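Structures are listed in the sections that come next.
Each of the two complexes below includes chain A, the first together with chain B, the second together with chain C.
Then we have the complex of A and B:
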């Protein structure tokens, strides 16, 4: 049984905030593939294209037949713990702060024996399911979990350090007017978030949906406009040290191709979708990155709700797609900048939103605000980097991974 | 005093004449007109630091600004409206600068506007005013005082499901002002027209009729309660923007102490 996380005490102001450390970062090029899988919440290993042998650890040539075509595939994550050991001494600052540390070897039903971290509920001889997780260095690591974990299994310290679980954490949703903001607020509170701040741009424009937040406990509406650097500076000065998870919901959409569109709307799209993200990172990123190891309610994740058309544009929404592609590019740079602190950048890719008037002419399937909220919370709990939500986003993401050139022709070149 | 300019300077120095600032601060959070979202929108005022005595410029601080011609306290030129698109010299850079300084009269509608968000300036109100203060002279600025500038936040636009609700002139009132051959018309609200001005015939009568007749507009004014009904001088020169349909500006009034 894992003990439920305590409610964090108020900070002792005489103690410095612990400087974040990260586990060893260096990997072989082949082993980086573990992180690619972990980022998407998949359990996969290299499987030899010739002899089907499942490989571990990652390598450049098949351990059985020396073939060098070793594509990553999802494999059966179950296995049995063969042995466990407890490490009490380490030269690595990250592990020294967390001694003792349990590790084990697991015989996978898919074949190989792997060395892995052990969840607190797992011991020698147990049947387990393996998960690939991103550690604080952003690298893919293996952890053995109980097949049916206990109610509070997420609160296990080893697993929690690999997740961005909203439980006990304080969240800033950057645009309360976004279609998914209310559903997201409720989902985060249900997942145990301690407080949800919601940014309200242009309070001088009334919006009836605001009434839905009235009387909600642990919810505050605060002035924030991602296009206005002064509002970001002001809010980050006030609550920057209390934002453990930031979810950027601000988005600007207008339809239109390149030639028929106008650059005024395009500029608005970039101001909100791209530069807004950059301003948020500048305003809240440094404080968040410094608080990754700040106890129970430490900073954990910078989340962006992005259109999957950032990967491949829908030509009917050209400027929107361009701004989303640019936003995605910024999140990739941010991942690199936050890498040393352990702050995770999570992208939640969505398709057209149900009820959004700018997508009203598009046929279903569309993604609902509730689905976006659910996927975002799941991404946080799982500690992912890449989350797809809804059929359209999942489909486009998969096709893009498989063959981006073919996807471009499918979308822009008369594919049926 | 040997000449009139020196006399004026002396009056300002001695506080026999005072300057009243009729301008709102350009602030990112100041409301702008909101149109149906499929239309292009008025850009909000934004300020971006270029450097602040730092690595980007060690000894100086400066900002890039973005805004619309019609953001904050601003001037409307005739070319702003379709009815005024062919008015000669209808853009801010073409307007004869002699009209940027001139006499101003103020019609106090503050009592009515306090009771009715959709309060209308009508010909009757103008004629009542004229009964007290004399006919509105030709070539003057006419300002509609509503004390609306004292509202802030959501109350300023006062947007409801059926659009914004704020006071303004009826088409007949504008026609009467045009009969007086005024120079321009100014308000404390976000536009020269009433919040519900789209529902008049013609829609947006202040914009349509004034600009069609080559007259000017001023909006988002404040401190009109500090002006006398007659006898003040308005100073309202817009920026000299090539082809500009309007301009944010500093609006000042000269009043006697």
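Then we have the complex of A and C:
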């Protein structure tokens, strides 16, 4: 049984914040595939296209037949712990700070034997379920979990370091007026978030949904306009040291193709969707990146709710799609910049939102605010990097992964 | 039937005393051992025509760079990357080359430097599979890999920490007779048991101390050794294997188990004719595995074997007579030579304080390279003195 995570002690201002360290980061090209799987919450390994042998560690030629076609596939995640050890001495700073560290050897039912982290609830001889997780270096690593985990299994220190679990953490949702903001607030609080800050741009503009937040415990509405550097700087100075998770919900949507569309709308879309994200990263990123190892409520994730049309535009929303594509590109650069600190960048891809007037002309299926909230929390708890939410986003993301060229031809016309 | 190694011999055993940390390079340590070996055989660097080198810390050089560095022009050059199995492996290759007439004399040298923090750097770049699939999991280095193996071994065969302790304690007793052993204090079984754990079930005295040092020996034709009046040893039998039993889920046996019948058949006798054994002892569990896989006892009987035998120099089963790596220290690839160099001294009656009485036949075995989850290289040789 895993003990429930304690509440963080009151912060001692005289103690320096621990400088974040990361576990070993360097991998071979083949082994980077583990991270690709982990980022999506999948358990997959290389499987030989010719003889079906499951491979581990990742390699360039099949260990049975030397074939070089070794696609990554989802495989049976169950296995048994053959042996375990508790490491008490390590020359690596990340692990030295966390001694003792348990690891083990697991025989997968899919075939290979893997060295892996052990969740506190499993040990030698146990049947286990393996998961691929991103560690603080952003690399895919294996952890053995109990088949049926206990209630607080997420609070295990090894697993928690690989997740961005909102439990005990403080969250900033950047735009309270976004359609999913209320559902997200409730989902985060239900998941144990200690506090939710909601940014409110242009506070003078009245909005009836504001009343829903009145009287909610551990929720504050704060002034924040992602198009305004001084607004971000001011809020960051006030609460930047206690934002553990940032969820960027700010978005500007207008329909229209390239021809005959006013570029003013395009400019607004970029101001909010792309440059807004960049300003938020500049304003809150450095403080978050320096607090990744700050105890129970350490900084964990920078989350972006993005349209899946950033991957492939809906031509009816051309400028919006372009701003989302640009925003996604920014998040990829951010992943590189935050890599050394262990701060995770999570992208939640969605389709048209139910009830959003700017998408009212689009046919169903649409994604509900509740579904977005649920997927975001699941992404945080799972410690993912790439999350798809709703039928449209899942469909487009899968088709884009499979064959981006084909998807483009389908989207731009000519598919029957 | 394999051809014998007649006509070639091992001579000039050299051990450059180890130090814990040094600023000198691997080049320096290897040069020191080579110079000493050449002095024994009375040859100049310009005269030597064969060189075999094993080292982990020569980068960015290879042994090719060493030839220019040392001013030698060998017509036969080898580098043996099999880690703890490299001594016997270097010997096998050199012996056949000398026997075939490709080369007259081969100086076999291994050595490594050890700067502060160089162990961590060495580990980080040790192998691709370790980098991808072992070190991200707690970075326990070889301690953790062997801990998993020992954990499985203890479960499977019922061996206890005391059983492994007997091996370490006996070796320390031997080391007290070896002037250049790094460990100078006696070790009791209680001290072994009470020592802090490093990576359970591996405790402090199961681990070798990494240090800097070098070892060397020379292969030449027997007629040349006789002409020079050098004491020498012959090779009675030898085996080598890489990546044995790849389908074993966890390593409970090494490659010796594949080739052991070949080893004894070539020697023409069985384990009872062996006067002393030098195993590769980066951890006692591996020595125990060698007792089994080399045929001194059955599989799983290693624990009982150590309970029944006295492993010290004067005992009924002299084992790792210089103290082994556990007490002498592990100078990188020199650890793969340590047992062989000591065995040459033993069967040529040059072992001084660690000399086993009437030592005629020695079995030396090597084990090396935890590429991912197990040691991939194994080797063994039976060498004999002039009177065997």
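As a convention for this text, the second predicted complex is superposed on the first by the 415 of 416 C-alpha atoms of A that agree within 3 Å, B and C clash if a C-alpha of one lies under 4 Å from a C-alpha of the other, contacts with A are read in each partner's own complex, and residues count from 1 in each chain.
Everything that follows uses one rule, which is that contacts are C-beta pairs under 8 Å (C-beta built on N, C-alpha and C of every residue); 3 or more make two chains touch, one makes a residue touch a chain.
Being a predicted model, the structure only gives us computed values, none of them experimental.
> Could you look at A:228 and tell me whether it touches chain B, chain C, both or neither (first, second, both, neither)?
first
> Taking the superposition as given, does A:264 touch the first partner, chain B, the second, chain C, both, or neither?
first
> Looking at A:72, would you say it contacts chain B, chain C, both, or neither? Reply first, second, both or neither.
Neither partner.
> Which chain, chain B or chain C, is in touch with more residues of chain A?
More residues of chain A are touched by C.
> Contact-wise, after the overlay, does A:213 reach chain B, chain C, both or neither (first, second, both, neither)?
Touch partners of A:213: none, neither chain B nor chain C.
> Looking at A:107, would you say it contacts chain B, chain C, both, or neither? Reply first, second, both or neither.
A:107: touches chain C, not chain B.
> Within their complex, state which residues of chain C touch chain A.
Its residues touching chain A are 117, 119-120, 123-124, 128-129, 131-141, 143-144, 147-149, 151-152, 155, 196-202, 246, 249-250, 372-373.
> So in the complex, which bits of chain A are touching chain B?
For this pair, the touching residues of chain A are 202-206, 208, 223, 225, 227-231, 254, 262, 264-265, 268.
> If we count contacts the way the header does, which residues on chain A are in touch with chain C in the complex?
23-24, 26-28, 30-31, 56-58, 63, 82-92, 94-95, 101-105, 107, 113-117, 124, 135, 137, 139, 141-142
> Quick one: in the complex, what on chain B touches chain A?
Listed in rising order, the residues are 28-31, 34, 38, 40-41, 44, 46-49, 152-154, 156-157, 159-161.
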